[in-house]
Each structure stands twice: as structure tokens, then as C-alpha cells.
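Order of writing sets the labels: A, B, C and D. Residues in every chain begin at 1.
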Amino acid sequence: MSILSGVIGIYSKNRKDASQMAYYGLYALQHRGQASTGIAVNNNGFVDYHKGLGLVNEVFSRDAIDRLIGNIAIGHIRYASHRENKGLSIAEPLAVGYKKGALALSMDGSIVNAKELRDKLEDSGVIFQSNLDSEVIANLIARHHRNGLEDAVIKAIDEIKGSYSIVIMSSDKLIGVRDPYGLKPLALGSIKDGYIMASETCAFDTIGAEFIRDIEPGEMVAIDERGVTTVRLKSANKSHCLFEYIYLARPDSRMDGRSVYRARIEAGRQLYRESPVEGDIVIGAPDSGIVSAIGYAEESKIPYREGLIKNRYVGRTFIEPTQEQREQGVRIKLNALKENINNKRVILVDDSIVRGTTIKRIIEILRKAGAKEVHVRISSPPVTKPCYLGVDTPREDNLMAHNMSVEEIRKSIGADSLCYLSLEGLIKAAGGENEFCTGCFTGKYPV
Amino acid sequence: MSILSGVIGIYSKNRKDASQMAYYGLYALQHRGQASTGIAVNNNGFVDYHKGLGLVNEVFSRDAIDRLIGNIAIGHIRYASHRENKGLSIAEPLAVGYKKGALALSMDGSIVNAKELRDKLEDSGVIFQSNLDSEVIANLIARHHRNGLEDAVIKAIDEIKGSYSIVIMSSDKLIGVRDPYGLKPLALGSIKDGYIMASETCAFDTIGAEFIRDIEPGEMVAIDERGVTTVRLKSANKSHCLFEYIYLARPDSRMDGRSVYRARIEAGRQLYRESPVEGDIVIGAPDSGIVSAIGYAEESKIPYREGLIKNRYVGRTFIEPTQEQREQGVRIKLNALKENINNKRVILVDDSIVRGTTIKRIIEILRKAGAKEVHVRISSPPVTKPCYLGVDTPREDNLMAHNMSVEEIRKSIGADSLCYLSLEGLIKAAGGENEFCTGCFTGKYPV
Amino acid sequence: MSILSGVIGIYSKNRKDASQMAYYGLYALQHRGQASTGIAVNNNGFVDYHKGLGLVNEVFSRDAIDRLIGNIAIGHIRYASHRENKGLSIAEPLAVGYKKGALALSMDGSIVNAKELRDKLEDSGVIFQSNLDSEVIANLIARHHRNGLEDAVIKAIDEIKGSYSIVIMSSDKLIGVRDPYGLKPLALGSIKDGYIMASETCAFDTIGAEFIRDIEPGEMVAIDERGVTTVRLKSANKSHCLFEYIYLARPDSRMDGRSVYRARIEAGRQLYRESPVEGDIVIGAPDSGIVSAIGYAEESKIPYREGLIKNRYVGRTFIEPTQEQREQGVRIKLNALKENINNKRVILVDDSIVRGTTIKRIIEILRKAGAKEVHVRISSPPVTKPCYLGVDTPREDNLMAHNMSVEEIRKSIGADSLCYLSLEGLIKAAGGENEFCTGCFTGKYPV
Amino acid sequence: MSILSGVIGIYSKNRKDASQMAYYGLYALQHRGQASTGIAVNNNGFVDYHKGLGLVNEVFSRDAIDRLIGNIAIGHIRYASHRENKGLSIAEPLAVGYKKGALALSMDGSIVNAKELRDKLEDSGVIFQSNLDSEVIANLIARHHRNGLEDAVIKAIDEIKGSYSIVIMSSDKLIGVRDPYGLKPLALGSIKDGYIMASETCAFDTIGAEFIRDIEPGEMVAIDERGVTTVRLKSANKSHCLFEYIYLARPDSRMDGRSVYRARIEAGRQLYRESPVEGDIVIGAPDSGIVSAIGYAEESKIPYREGLIKNRYVGRTFIEPTQEQREQGVRIKLNALKENINNKRVILVDDSIVRGTTIKRIIEILRKAGAKEVHVRISSPPVTKPCYLGVDTPREDNLMAHNMSVEEIRKSIGADSLCYLSLEGLIKAAGGENEFCTGCFTGKYPV
């Protein structure tokens, strides 16, 4: 099972509220997934946990949090995929007992040789209770238990291939591992009396933690009462995921030395430099196109405006309108700000086009609100290939840019013009070179 | 009970899904209140209803909506006040039986002579089952039932004083009334095969309705199978509520001929003209300061940036951090975008200062994120007086500007400078003259 | 709206847990209805309440109970009728404000002139928010408010006709009234530091209260800090409801000087004397036929056995089997105890036959379990007439004994023999003469 | 983890509603546990399941049942133990994937060498996600997967020791196994188009299945599209659990050729023969003492009466009374039927005394209701030893009869006399000899 997640780990020497720190931190990672969440803590040699389907504030009641007492905690957030089982077994952390005691794991990423590892394990009589890659890893760790947890983790990591940031806890230790390419993010911070690891630094700000550094690609960091130890496990060319900068990460996070917000502003500026167009206003597709739209507006000197209002109250129990109602114009989630759109040449900036359904509907709404022209500018290159490394993009067939030329896409979504940012432009905006995975744009994957 | 609400009414000749139209419309009005909501429909001479405490998507399940079948519906949204009973009896519509059959009412506003009317009614033996002004009005209507519903409404309206937009339905009629001053908004639109009334026009866009016109101050509009009739009940000087433009209404709504978005942009521009300041970036306090911040940035040519990220996932079941956690910096709802703030002179635009607690916390967050200077600009004048007319402002004691000078406020909130927009500037931005209630700024109330 | 309910009232001088006493008492009355329940308490001049649809333990959480602080409380339990609106508006107590302050009412019974009183009240401009008879009575009390609450209740009671036990509370007083015929039960007890009133004495036992006496037909008892006062309002021939003894009341309750359990045992004994039959075992239809079956067995010397096991876990969210499953024998609620039934001549005792559907199914189950013969004995006469006085019997058309002779009923339900207890026999078993309403057996109603 | 459970398995050739059959069957087994329940079905090579904490009607919604489509299903019910983890991981069936595909298990019983097996498995690198014995067994089966499921089950069973009835399903097969001693019950029945296995035959009656036979001690029954095959795995002396007859099983079940109801009646009769006493009435402690009380009454010719009314509505969300309220006599669950108790010499029959707290409270209630004498008769011998074989009796320290003589117990519970049924008498009543486990009475365990 290969999909986006968020992970967090807390180690405190003396505090007993590690689960609460994890709880608040998970709030900051909620944008990485709304399907399931969970927290595990150490508790007198055991590992207690609470997990469930839904948002952090749906899964955790005060009672549930209060029950989780310990000085070490790990947490997890998972994105909902259309391809996956929706049962409770998708929720992490995965807590298990093994020869040396209790263990819990949470992981963001995708093990590409999971099937082979499962087959091998099943040959030797192993049972699996889920489709989680975490369960494969837990089994590998348990197989290598003889020389202690760090050694077991090192040996398990040696067998897996893919993208991953993993946090692991035992009753007295917190361990974080990042894949050799740095495909998945993981940062280290300090809290009063301890440490924190998280997928994104915005989780640090949320609980008042100080950023120390990114965990290096291929690095294992282990924290226990003796302090922090670090081991470089594997080495490979850096291949950070570009989609984190474009879309996935929260704009107030920093990753591998870069500000996500700045990358998006720069992508917008660069997008104007590459693909200028005349217009009356620049608007962003809510919410992920907003920052690049501000960048595009600044570079172009064309005024930035809000063009679409998103209804923040449309929850998951929302009752879908009927086809007839839809035809009569019922649309709850987005509304055009007519004042800004009517009779204007609108430049619409979005972060990416995947299936193309959303942008098509947005353009319809803008036309209906009186837009004279709609010029679409995308702050990333066309997504022509699926991701096998932990981002939930659809199969090739469903990728608009896999099946159509840019001109065909333009026609299909009803835009007056359509331009994408070049790959070079994007890499420049993200501020690096030879440091990114470009698989979904080029088909060249690091793994 | 005098607090903010949103109302909606649907009349369709032949469709049976009036409740669904109301349901989708209420989503668009959800920003006007999250305490309670409800919908009533006509149903073969009866009035069925469903109401409850919470958000639209919490109160209404598919079953609840499907049960409400009829061609006429009214709906209601209520804001939560710290002063009020939180029981189910605050939910509207109020559905009652009286001599002529079934009746349901929803109201936004405040009847200032409610106490006197209640006393008089109680003298004659009336019982009350709630604190709702709607119950007073329903009793008045029932008292005057002899010559039909319109006549009864006219006589009831004649007895009440205050701010109000009321929608009323019987088994075959939809009626809307707006107070003589136009303090509260109410607009009329058309749907396929019928009509809609709503507090804000954004509800029209949501269900694909066309805006016809604002209902006039002091006007009653009645709709039944013979069509639309209109009566001018009372006449008074227009006194539209300025807070609707500053804060309450959704930016994509139009009210009494004005765009709310434009009013806010203009207030921002005017604010710069009146109170310019040097700075590196302009940011808005999320969410209500954003639009004016964009206006301020445009007029000043200082770049607009997002300075604070609001966590959209912090729901109502959120578990409050302990005092100790707070001191260690746990803050879930807002995070500074350090990239934009650090080492910058920040101009922070907000719509108003009421109690002053939020802006104080925001300034702390900005300082901690490295802001060199924080200049606060408020796109409305100081709120020195409470509102008796249906906006949920606190009592005088709790109004920061009632108790302090601007300089004292500046010190208290920790800003480097603080300026408010002048009342003239605000009125100019809103685009009218002698048309607004300025009670909360001046103490001069129209009623 | 005329259906079975249970009422309770608590008055304590100094204790603040009157709502908890009411809560525990309502548990003991739960057999009188599962549709809705509620409790009201006085609270510094106000009346707070909590009510809802469902069982006592579904409607009341600890928080809800803890919020209801006061020294006076009333509570209510309502039966679910197939004829009634199932919305929240059926829940009592009804709490209202009127000229003299706060008032709450709960009632068991049926006002037969409710329609006339409503019409008259509506003529004068009254609105109604429910179909509750309680709302009519509250209006009548409010009309007569001038000389204090007792006076107002007396005047209101003077206008109503029907069967009723009513408990009323204001902020400093608890009042109980019983109809002139004593159709509905209401008893008075003492608690530490105060008093209790309840529909049945089993509620007294539950909270450790001592039984004082039954409230007399036509009596009003008022309790406040000065003590207990009593007024005889109206006088009429006693007409206690026989169905309370046969079916409605809990066997451990005493009513008007009689033990319900003993009445049922005696009805079973008398039934054997009137209609003996040879058989191998006597069984009761669970649960209401059990006690009379024990009586029948004793008198006849035929062994009493349990013949049917009732599944106590089949709750209200139970998923009904499909028609096909039913045909294959899926039956969850009752199972025959084959050991006792197979190859036996079974005497089946039940309290009454109303629609006849349940007994028919029971006989089928017994036959399938191998019963050689099934002789049905009913411990009450045929129910040939509906009840207009507060028992939820169906309309005449649906009363089996209204439409069929005893022999026709026997055939229809598939019994080998069928006998009913005579009216004289029942009255003798209940231990009185000229003291009962026999309306449902004879069509002669006291009102 | 060693506690009482109920299991069910359904195999149908062509029907797709196996999960529904299991659902209705679980209702009939609900008395075996209220802590958790679940159902697994085969579904195109996969195993789907739904499980949760609580009662059958709490865990399963219509949606949950409708989602579980297949022709094979197994289900499980678990008792709540004070010693166990209350998390979701206690719920069965346990569904796993292994080399040969999908597998689900449910088990009633206790593996006494579970710790050794776990240790051995952990040595070889196995992880455990629960404390369930089922997880140990699933691992053993997976280890032996090479020659097909039956062979794997046989080899797994060969390694375990203890009491157990296990139902196992793969995507095309249903298997049931009973321990060599027959400690735990398991019966085989037929349904239209297939078969059923269940802990008790009352589950057969509930879904209209026909009883075929008990599965033999040490027998494995496997059902697939080729029909039923049976293998005798191990042989040992029969040692059926006597507590099933005394207390655990539903009275309408038959086990190993005996009627549970008859065993209880006979125990009551024998109890009188062994320990007669003079008295006015015989009553049973609800619910498990009722049947033996009827037997005692019959043999003694002393009238049987209901002496205590149990409130069926006191659910699990019940709010406990405070100490003060308790002292004032608040007691919700049981009420004495004063009519029957007052001034009487009461013979109280119960099935067993374990901790002694309940019977002590019952005697208090009877005294308060006016009982002149209370003679306690117990329809089983003193429980002096804990059960290691799957019945949730407490540790020795908490067993009243481990610590006290009969006379001491009598004093402690406040009875006028106290007698237990002899072990011989109980065995005679249960109708067998040398066929029962008497561990809890004698400390001689078969395993």
C-alpha cells in the first residue's frame, strides 16, 4: 500500500505528556491525510495505542488522549486513496510484540519490493493482518532481533527498497529513518526536555519545538536516555520529491533547507517569466494555487485578487446534490467572486493538473461569472507518469497529460490559453539542482 | 435574544425539493453562525421541520433531508453567543399551529421592545417556551389572525421595533419582511419555477438562483401560487449595518447594491491613504483581514504576503492545551510563515478590534517569528459601543476601545503603531452616505 | 395525543440532587414507555430541563444529569404509539414561562375535550408548538395566573375532562393532580428531607422512598417549603384502569391498595377455576403472562414451566430478517424450550389478546417445538372496544375480539382451545367492586 | 487470554447471506459475552470482516452487515474480563493472510501452553499484534501450510493444549475443531443449502437450522463444496464443563446429549432432596437461579414465586448512584416483590456463589422487604479453585469458598441457612458420570 502519510515522534526524558505533544503535532500534519490517524505511547514496558478512521479531532477524545501516558510517542496520519481498503487496518501506528518486547511503527512512503518480501516471509510461515508496508518492516525487524533494536532496524532497512520516512518506538527508545534518496521528508527538532521528529517542520511550530536539522537521506537517528545517536545506513543521490514543494507540504514548512512558501512564490514568478500573458487580474485556484498566483501577480504587476471563495464548512457528511440540481447550478464548495471576475481577463494559476476535472469546473464557474478570458498557468510541468514512491497520483490512464497534448488539454478544460512551468523552471524555483525526483514528469525514477 | 443569524426561504410552484434547496443555501450562510440550524417545509397542510444544535452538516443527515418534502421551505442559521442559553430551544425555524393552520418563522435580528411585548402577552395568559423573539412575533401574528396571514403579519410588524429580516411560511405561502431601516439584509432571487429569499446573495449562487433585487427596508414580500405581491409597511431612514461590510458578510455577497469584497478592498486602500506606514510586507489577519490587506498592499505598492497559516482542521471537539503546554508554545490554530515574517517590517491589517485578545496573540506570534516591526492597521473605526440591534458584540466593559485610548490599545497589544480607518473613510469605502447605522462607533442608533 | 406515560415528581427541602432521584425513579417506570423521556428542575427561579427520544439511559448522560441542579424535579416517560408524531416535540416535561415565572408539566393520560379547548384557545390567538395535552393545560394555567399557582391549577383542572395524573413544578413548588375517577395512578411517598410522587410505587423502592398513600381521585397535592397541602377538586365514582393490573404496571407495584402481582396470581387461579383444561405443563407468554401462568399452575396442580426463552439483547437497532429468512425460520426474539414443549399438552397463559399477531406466532413456535396440544387461557376478558382514556389500544377495526367470536379467534391463532377470564372473575382477582373502568371490555366509559 | 466466548460458523453452497445468518446466530449467543463481537466472510478470495467492542446490535449496522457478502461466515462473541485489555484487539474473528491466501479464526477457550508457543514463535522472529490465543494458532497454521489447510490445522492443533472450540474459514472452506476433552461445546447443524456450527444449539433455533449432532471431543469437521469430512485428531477422557450446565449456557440449549434446562431443574430437585428446609416460598436469584428454584419448589411442594424483579432497562451507560444515594436505598437493578416476601420464610435458590457480593445484596433486599427467614440453597458445590480452561472465574483469593467454610460464608452473606448441592448430586442432575471437568470444585483439571 503506497500512499501519502505524515509521521511524528516525540521523546521526552521526564514528561508524561508525549501523546499530547504528538496529538497537537498531528493537527499540523492533517493536510497530509484525512483517512486515518493514531498515536502509540510507551507505558511501563508495554505500548498502548489509539487509532481510528477519520480526522485527528474525530478519532481522539479527551479520554483517549488522557489514557495514553508515556514519555515516548509516535503518531501517524494517512491520506485516503481510491485504491485501498478503507477498513480500520489501514490505521497506524502498527503496535506489535516481539522477542524483545513492544514495538510501534509509523511510516510515510512506499516499499517497492514489499510483494517480494511478503512472499518470502509467508514462505516461512508468517501471517499478515493488513496490507501495510509497516507490517512487512515490523516482521523484518523481529527476524533480526538478536543484537538489539538499532541493529535489527539497520538489517531490516537493508532489505527494503523504496521511499520512506519511518518512526519506530520501543518502550525506551525512539528511532527515525529516512530513505537513501531523501524522497520522503523527516526533520529533527528539540522540545523542552527532549526531541521531536516529524514529516514537516510546521509540526514543530505547533508545539513550540525548535528545528535542529533535517534527518539526512539514508540516516538513522536513535534517541534514548543516553541521548541522540546517528548512523548513516545507505548512500544514494539525493532525490527529494518535487511534489512536496508544489502541492503536498504546508507552505509554512521548510524541507531540506528550502522554504515551501518561497518555492511556490518563485514558481509563480518563473511561470510569468516563461509564459506571460495579458490579463486584468491574477487569481489562484484554492487553496494550492494561491501562493504561486501571488508570485505570478508580483512578477507581472497584474493585480492579485481572490476570484473564488471556498466554503470551509462543507464536511464529509455533505449530501451530494442530484444530477438535476447540479444542472440547475447547485455548487456548494466554490463560488466565483463576481465582482472580481465579471468582464475581466482572468489569469488562473494552479499547482498542477492531474485528472483535470477540478480545473474544468473552475473555468466553467469563472465563465458563468462573466470572465472574458481565462488563461491557465500551471506552476509545474505536465504530470505524465504515475508515482510509485508514495504520492497518490492515479494510474497513467487517468493522467490527463499522459493521454493528451497541452493543446488538447486546453480545449478539454475550456481555457483560452494554457501553459505549464518548465521542469528547469520548477527546479530553479525549488532552489536546487540534481537533487530532485522528477519521476512523475519524466518517468525517470531513482529507485 | 439578540444575535446574528442567517435566514433563507424557498418557494417553488411544483418542485418537491424545497428543503434541499434550503439545505444547500444554508451552507452558504454557515459563516453567519454555527450554533444551530433548521429547516421547515409545508407538507399537506402541516409544517414539518428538523432542527438541531451544530453545523448544517452535523444537524442534517440524508434521512432528515429526505423526510422534508414540500414546495415551500424556510431555513435558519444561528451564531453562538456567550450570553445565551445553549439548549435546543435556540434553534429555529419556530413552527407553530394557530387558528388558521400551520406557521413557521425564522429571523435574523433583534426586537428591542421584546420584553414589553412579552409582558403584555403574558398578562393575557400567554406561555412562552423559549427566549426567541420569533416566539413573540408568532404570538402577535396569531392574535391578528382574523383577516389572513399577510394582514396578521402587517399588524404584528407594526408592534415590533428593532432590526430584523424575517421569513415566514404557511402551508401555501412564503413571506419575507425587512425592518424599516434595512439594518438587516434580505435579498430576493429567482429559481427555476420559483423564488428564493436569503440574508446574503452568496446563497443564491450556491443553488444557481438569479439575483432579482434587495428587499427594501420596511417592505413585505409575499409569494404564493398567484405570484409575488409586495407591501411597503413602514418608512425610515436607511441604516444598513456597516459591520456586514466589514466583517459579517461573505465577500462574494452583494448587499443593497454594493459588493462586500469591493468595500473591503476600498477600505484597505483608504486605510493606506489615511494611515500610511513604511514596511516590507502587508499581511492580513486570517480570515477577515485578508481582503483589506490586499487593498492596502495595492494602494501602498508594498508586497502582499501570507503571514499566518490557519489550520483548517481544528474542529470543535479540539482538546485545549494545558497552561504549561501553552507556555511551551503549543499553538494549533495559527502559525507564522517565518519565511515571510523573519526580519521584516510587517504591516498587519485586520477588520476590527473588539476584545483585543486575538490581535495581541497574533502580534506575539509575529514577534516570535522574527518580525522587526509590527504596524497594525484596522479597516474600521474603534468599536466603542455595544450593538443592541443583532450583532453579537460584547458589553461596553469588554470593548477594548471603550476603555482605552488608541495609544493605550497599541501598548496593550504590543504593536509598533496602530491606526484605525476613519468613519468617513469607511462609509466612503462602503460606497454610501447617510445610509448606514454607525451605532457601534458613535453610540447613535437609528432605533 | 392520548397515550401511556409515566410521571414522577421530587421535592426536597435542601438536597440539590432532585434530578438524580428523578433519574433513578424513571428507570423504574421505563416499562411504561420507551419513546421519550425528560427531567426538569428548578434552578434559581428558572426551570432547566433535558429531554429526548429514547430510553432513560440513552437520553441522559452524566453531563446532562449533572447540569440539572435543584431541589425540585419532575420527570416523564412516554410510550411509543403508532399513531403519533415521532419528533422531539412528544417529549415531556413541557417547560414554559408565564406571567408568574417558570412552570413545567408532565402528564400521564388523555384529555378528551382537548380539541375543544385548543379551538377556544386558538380563537383568542394562542399558538401551539406541539400536540401535547400538556400544552393545553399549561395554557389554561397561564390564563388563570392571577391568584397563584394552586388556584390556577384548580381552575385549569376544572376545564379539562379525561384521565390524567399530572405533576407540575414551579421554581418553589411541586404539585400533583389525579383525575376524579382515579383512572390513572399516582402515589405519594417520602424521601429523606422531602417527598416523591410517581405513577407507580416501584419507583419509590428504587430510590429508597417510603410509600405514604395513593393520591386520591380528584385530589391535588401541593408541596412547598411550608409542607404538604391537599385539596379535593372533584368527586366521581372510582374507575381505576383494570389494564394497569393486567398488563401495564410492574408486578412489584401497589396501586390503590392492591398488589399488582397478587392480582395477576389471582387472575390465573380464577382463570383455572373458570376454564380448567387438562395439560402437561403451564407456561406463560413472556413477560406479561408469566405471573398469571404461575397462578394457573398452582390452582390446577399442573407443573409450571418456562416454555419460551426471550432474547433480552434484541435492541431497537436490530436489523429485521428478510421475508425469505423469516420463511426459513429466522426468529430472534423468542425460542421454544423444546425440552419442556416437545410431545406435551401445553397450557399457554397470556394477559390479553389485542391484535392477535404475537400469540399466533407463539403458538406456531410451540407447535414447531413439538407441542401436542396448545390450550390458550387469557387472564382478562376479550378487548372489544378501544380506550379513549390513555391506554394505547388500537382502533376497533384492529381489535381481534371486536371483529371475531372467541371460536373464530381460536381458529385464527391456531389454538386447540381458547378461554378468557370473565369480567367478574377479573374484578374479583383485582380485589374490588364498582371501582374499575371496564371501557375496553364493555364500551362503558366513566367519562 | 482465557475467557468465555461464543463461536459460530456458516457454510452455504449458493446463498450470499452467510453473514446475516451469523449475525442472527450471534444474537442467540449474546449471553456468552458482551465485550466484543465480529463476523468474517469470504469474498472472492479475500476475507472481509467487521468487528468491534460492544453488543451485536451496537457493533453491526445494516450497512456493516450488507457489506459482508459471501457464502461462508464465522462469528464471535466475547465476555468482558476484569483482567484483560479492553481495546479493540480483543475482538475476533482474527483475519489474516498467509501463504495460501486468506484465513479467519474464532475461538472459545483457553490454550494453556500459549506462553511457551509464543516464546518459541518469537524466537524465530514472529510478531504478535494481540494477546489472543487465536493469533498463536493462526501462526501455527501458517507455519504448516504446505499440505493444505486441513493438514495445517491438524498440525497446529497437535501443538496446543487446553480447552477450545475453534471455527476457521478460508475463502472456500469452513472448519470446526473441538478440544480432546470436549471441555468447550460445539454443535453441528444443517441449514437450507448448507451447514452451521455453533457453541450452543439455541443459535440453530434462532435461524431455523436443524441440529445434526455435537462435534465430538477431539474431532475436526471440514466443510467445502464437496461436502462434510471429519477427522478424529486426539482422544482423551471426556471432561465437559459443568459450569455450562449450571450457569453459562442458555437453558434452551442442548449440549452433548443433555438439556441444559432439565439439568437445572434436576439440580434443583436434587438440592431439595439433599438439603430440605421448611419455608413459605421458593424464589430464584434472577436470572440464573430461576430454573433450579422451580425444580426445588416442585420437589418440595413449596410454592414457587417471583421474589425479585430485575430491571431490564438498566444499560451499560447507566450512571452509578453516589455512596450517599446508595445509603439512602437507591437500588435500580433489583427490587423485592414485597407482596411475596413480607413476613415469609424465603428459600432463595442460586446457581453458585463466586465472590459472594451479589447474594449478600439480595439477602439484604429480602430482609428489608420483610423476609422472616432467608434460606440459601446453591445448585452446585462450593467453587474453591480458579478455572484455567476458559471460564472467567476470579483468582483463588477472591473465591469466597476458597477462603471460608460454609458456615463462615453463611454468616458473611447473612443467611439463616446455607447449603450447596453435592458434586455427586450435580453430576447426577447433569446426567452423566466420569464425563465432566470438576476442576473448579476439586482442583483436579483434565489438562
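Everything below uses one rule, namely that contacts are C-beta pairs under 8 Å (C-beta built on N, C-alpha and C of every residue); 3 or more make two chains touch, one makes a residue touch a chain.
Here the structure is a predicted model, which means the values were calculated and not measured.
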Can you list every chain in contact with both chain A and chain D? none
Considering only mean CA positions as chain centres, point out the chain farthest from chain A. C
Between chain B and chain C, what distance separates the C-alpha centroids? Give it in angstrom. 48
Please compute the C-alpha centroid of chain A, do the same for chain B, then give the distance between them in whole Å. 36
With chain centres defined as C-alpha means, what is the inter-centre distance between chain B and chain D in Å? 60
Touching at least 2 other chains, the residues of chain B are none
What graph shape do the protein chains here make by touch: line, ring, star, complete or other? ring
In the complex, go through chain B and note every residue touching chain A. 17, 20-21, 23-24, 27-28, 30-31, 34, 55-58, 60-62, 65, 191-192, 202, 205-209, 250-252, 254, 259, 261-262, 290-291, 294, 298, 303-306, 309, 311-319, 321-322, 325, 328-332, 335-340
What part of chain D is in contact with chain A in the complex they form? 88, 94-99, 103, 122-123, 125-129, 138-139, 142-145
